[in-house]
Amino acid sequence: MNMSTANTARLLITCEDKPGIVQAVSSFLYHHGANITALDQYATEAQGGRYFMRVEFELDSLQSRKDGLLQTFESNVATRYNMHWRLALVSDVKKVGLLVSKVDHALLELLWRHSRGGLPCEITKVVSNHDTLRTAVENFGIPFEVVPVTKENKREAYAKIDELMQGNDVLVLARYMQILDEEFVKKWEMKVINIHHSFLPAFVGANPYKQAYEKGVKLIGATAHYVTADLDQGPIIEQDVERVNHDFTVEQLRELGQDVERNVLARAVKWHLEDRIIVDGNKTVVFQ
Amino acid sequence: MNMSTANTARLLITCEDKPGIVQAVSSFLYHHGANITALDQYATEAQGGRYFMRVEFELDSLQSRKDGLLQTFESNVATRYNMHWRLALVSDVKKVGLLVSKVDHALLELLWRHSRGGLPCEITKVVSNHDTLRTAVENFGIPFEVVPVTKENKREAYAKIDELMQGNDVLVLARYMQILDEEFVKKWEMKVINIHHSFLPAFVGANPYKQAYEKGVKLIGATAHYVTADLDQGPIIEQDVERVNHDFTVEQLRELGQDVERNVLARAVKWHLEDRIIVDGNKTVVFQ
Amino acid sequence: MNMSTANTARLLITCEDKPGIVQAVSSFLYHHGANITALDQYATEAQGGRYFMRVEFELDSLQSRKDGLLQTFESNVATRYNMHWRLALVSDVKKVGLLVSKVDHALLELLWRHSRGGLPCEITKVVSNHDTLRTAVENFGIPFEVVPVTKENKREAYAKIDELMQGNDVLVLARYMQILDEEFVKKWEMKVINIHHSFLPAFVGANPYKQAYEKGVKLIGATAHYVTADLDQGPIIEQDVERVNHDFTVEQLRELGQDVERNVLARAVKWHLEDRIIVDGNKTVVFQ
Amino acid sequence: MNMSTANTARLLITCEDKPGIVQAVSSFLYHHGANITALDQYATEAQGGRYFMRVEFELDSLQSRKDGLLQTFESNVATRYNMHWRLALVSDVKKVGLLVSKVDHALLELLWRHSRGGLPCEITKVVSNHDTLRTAVENFGIPFEVVPVTKENKREAYAKIDELMQGNDVLVLARYMQILDEEFVKKWEMKVINIHHSFLPAFVGANPYKQAYEKGVKLIGATAHYVTADLDQGPIIEQDVERVNHDFTVEQLRELGQDVERNVLARAVKWHLEDRIIVDGNKTVVFQ
């Protein structure tokens, strides 16, 4: 991490849309000596709509001044606009836990991009309900743990996974073929990213490539989303598609689809790590 | 139409998959003096699967020899393989009737491409349930008729439309915002192409852009399909999507979506006119 | 135009990158009672790099207050940062002149989108070196003038075109197959948008589809750019491509390419009209 | 390999376009008991044009009957049409040698897809001019050899590489940053696939991402092609692009471009292995 990165932070703000917010935030930063390097905002249309903002800035001695900054911003700016906000320092490298079953493509894409410096995070461990991918994961020098999940032990299994994943900032389901325990989902609200192998809301649930084959669609897709209690219904982060035609078998749809899945998941995880996403009800605001 | 086009035909075949079909068809054509200019085939995987074939060929004096050719092919080849087949002469220009409501983009795209020679057909007339687009249509020199449709007159209205459309080979719903009468759908089975303004099977029914907005999808799409009794469930011919993001309003989704709709519909209609589509149950085989 | 649009303006700024610009601009607007509805910025990386900003805002009684605003901004903000800047009121509807030769697709796309409300401008006239498209243009109620151009009369012809186009804010070459007069290009610097029918910098000059065919490329493209003295070398505004394969003839490349051209040109013109483009040397910054 | 694959072959044919070729080939195969599972043909337009054909078929006891089949086809069919042709048995698994320098993304994509069964070949070895990627390659269980190349030893170096690569059917330059020796290129004519990190013919030569940055293009691309004596000018197999904008640095163009490169190269190599490519002068026919 170079000096510049060590002194870079992102401020994410949600509040009611009112005049003066940009002015208030940029003045605050300016008077503290910060240099704004990126600024994005978005307001929903309706009168009294919601307002979203992402500001990236550099500030000398950021780490030592962080606490003071947080306090002053809260009392001088955030309170006035009744903001829901957070400050993320680039130097606070996010910790990521991965969950996977037996299919490796989404997992390997993340491990590989991470090993090449393309994902700014620490991958702390991989937990699976099968031992299949142990060697593949351990080759990357990352701890691998197995927690079998059955109908009978579901509650205990997720208590175990929750314990193993403590300390992580975000979990990624890289084709983890289990419906999470409700309790677990609540604890990790908007902190679990899943890749679903269809263009949601088409083909919810099991075997989407088979569903796509039977429907005869001309494009297949993948969707990365935050996990909520409703299966495959959480806020969508990213989607993409590839063109197919009548002569694709289910197996060929799956093979091509895996390329879409890994790219879509990698982008979604990267945006999360770069603090580009604000959840807005059941939708996401993604500042690119 | 030049000589070559005047002597060009397409043979479309569906039958059970068995060895020797290519040989039988190509030998038949060769021995009649035809020159094969394009040949596509597709077989579903399963044992005893279905087989589909499209052959385009040139044959001197095709028009005068057509009837003999049909008879000989039926008795010498088709019967042996229990083929469902048809022969389409390029010189038999297809007649197309259009149905539209008030929104003009899909309709104008077709009229415009047709006027520039991009759609090999005769557009015989446009029928609408509103008078809104009369001038736009008549500027292209195409007859425009209004048939109002209400709950009360639905049966009579579609009887009237059916009468007006007699003689057409295919009908295109270029954003015709009415659910067709069942009787009418049966009469025109697999002869009505609709453009639905979503990536089906996502967002069936009314107001798909509003549905897409509320779901927060990151791509919006359009789907051209043959019309069946099940609303928005007929065999898909073509689909496409465009990337959007959180700050698109419903109106902006609609505006961008209209560009997708008109391209998707134009491609689907063109493929139909070029005899590239074979319907396979609730799916399509499209030979491109 | 509704009240909100009547009071909306865009401020476009280019200057050296220094801390405090966002703060200075947003404070200025805030203290004048403006509400910022969109804000985009971009800085080139290098130390002492260039900084670009686009701010869209609403301000009551904007039209009557415009002159005062311009003066105050210049003296209070722009001078301090040595800004190159301009203010564009949405209510000052831009005037657009079109130039075309014989091929109609790009022209019709613009006329059509304009007639449907998709291009916020007044199209004042179409000038062509041929009479071919007179009816098509006049059907849209837009004046059409012919100025023949030959080697011999080139200077006079462009003097005539310049005279005819006086009062326009921007000219669009919608497949105008002439190399402009140098004098003319200088007069209309960065005010002429051209559509080139290739993915520049590949296939500069004449007959790009033939060049693409001979090279055997697997994608064909189109490029909208500002016109400079160097043929096909001006700042690129927008590009797009479509997939092709070995069996496309030059004619088929051209047909598919025309769909790309009209979409690319329409986007570029729209962005120009919405004041989204800042020219940066031989490149463009496009705030979307 | 299952029974079906063991008995599957592909016949690739180039000849002058004449009537009767499909009939002749399909009759030959039929009378030998083969079942045609795929058939594609393409003819260049011009009179007396070239004709290209790919037929995939299954035949019992193919391996033992191969030699007889070759002889009979040559004397009964190929001679008559003066065909340039070859027969490829799926059971004759192709041997592939890889060349790489220091950048790993393209190489790893191939190794990874191969290890997951997505590339039907044997990867025999990797040769590099640097030791950098030894561990990465050996982790896949594939031999890695270093052959340093300098101006002085170029001839010897390529003689060494030629020796090391003996027995391979095709070589892939997975970002091998050296201009091959002319002698070497001749020996391996149309048997070396390269990935160039631009949308050719734009940005030939070194540092294409820097060239793209300076030109301000709105899409970046990658091109897989066969290597000929002319640098970056060989027959193009596949290309693709991704959208970028003004705020991409050279480094970000490179990062995004690497994703395009690895997908484009993987597709090109797969098509080569599946005998889908016929070289036609300086272009390719790719039967998909």
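All chains are identified by letter, namely A, B, C and D, in their written order; residue positions are counted from 1 within each chain.
We take it that a residue touches a chain if its C-beta (ideal position, glycine included) is under 8 Å from a C-beta of that chain, and two chains touch if they have at least 3 such contacts.
Keep in mind that this is a model prediction, so the values were computed, not measured.
Between A-C and A-B, more C-beta contact pairs join the chains of A-B. Inter-chain centre distance (chain A to chain C, centres taken as mean C-alpha positions): 37 Å. For this pair, chain A with chain B, the centres built from the Cα atoms lie 42 Å apart. In chain D, there is no position where the chain touches two or more neighbouring chains simultaneously. In terms of inter-chain touching, the protein chains here all touch one another pairwise. On the chain B side of its complex with chain A, the touching residues are 42, 45, 199-203, 215-219, 221, 235-241, 245-247, 249, 280, 282-286, 288.
If you check the complex, the residues on chain C that touch chain A are 19-20, 22-23, 26-27, 29-30, 33-41, 43. Those residues of chain B that touch chain C in the complex are listed here as 104-105, 108, 112, 116, 118, 139, 255, 259, 263.
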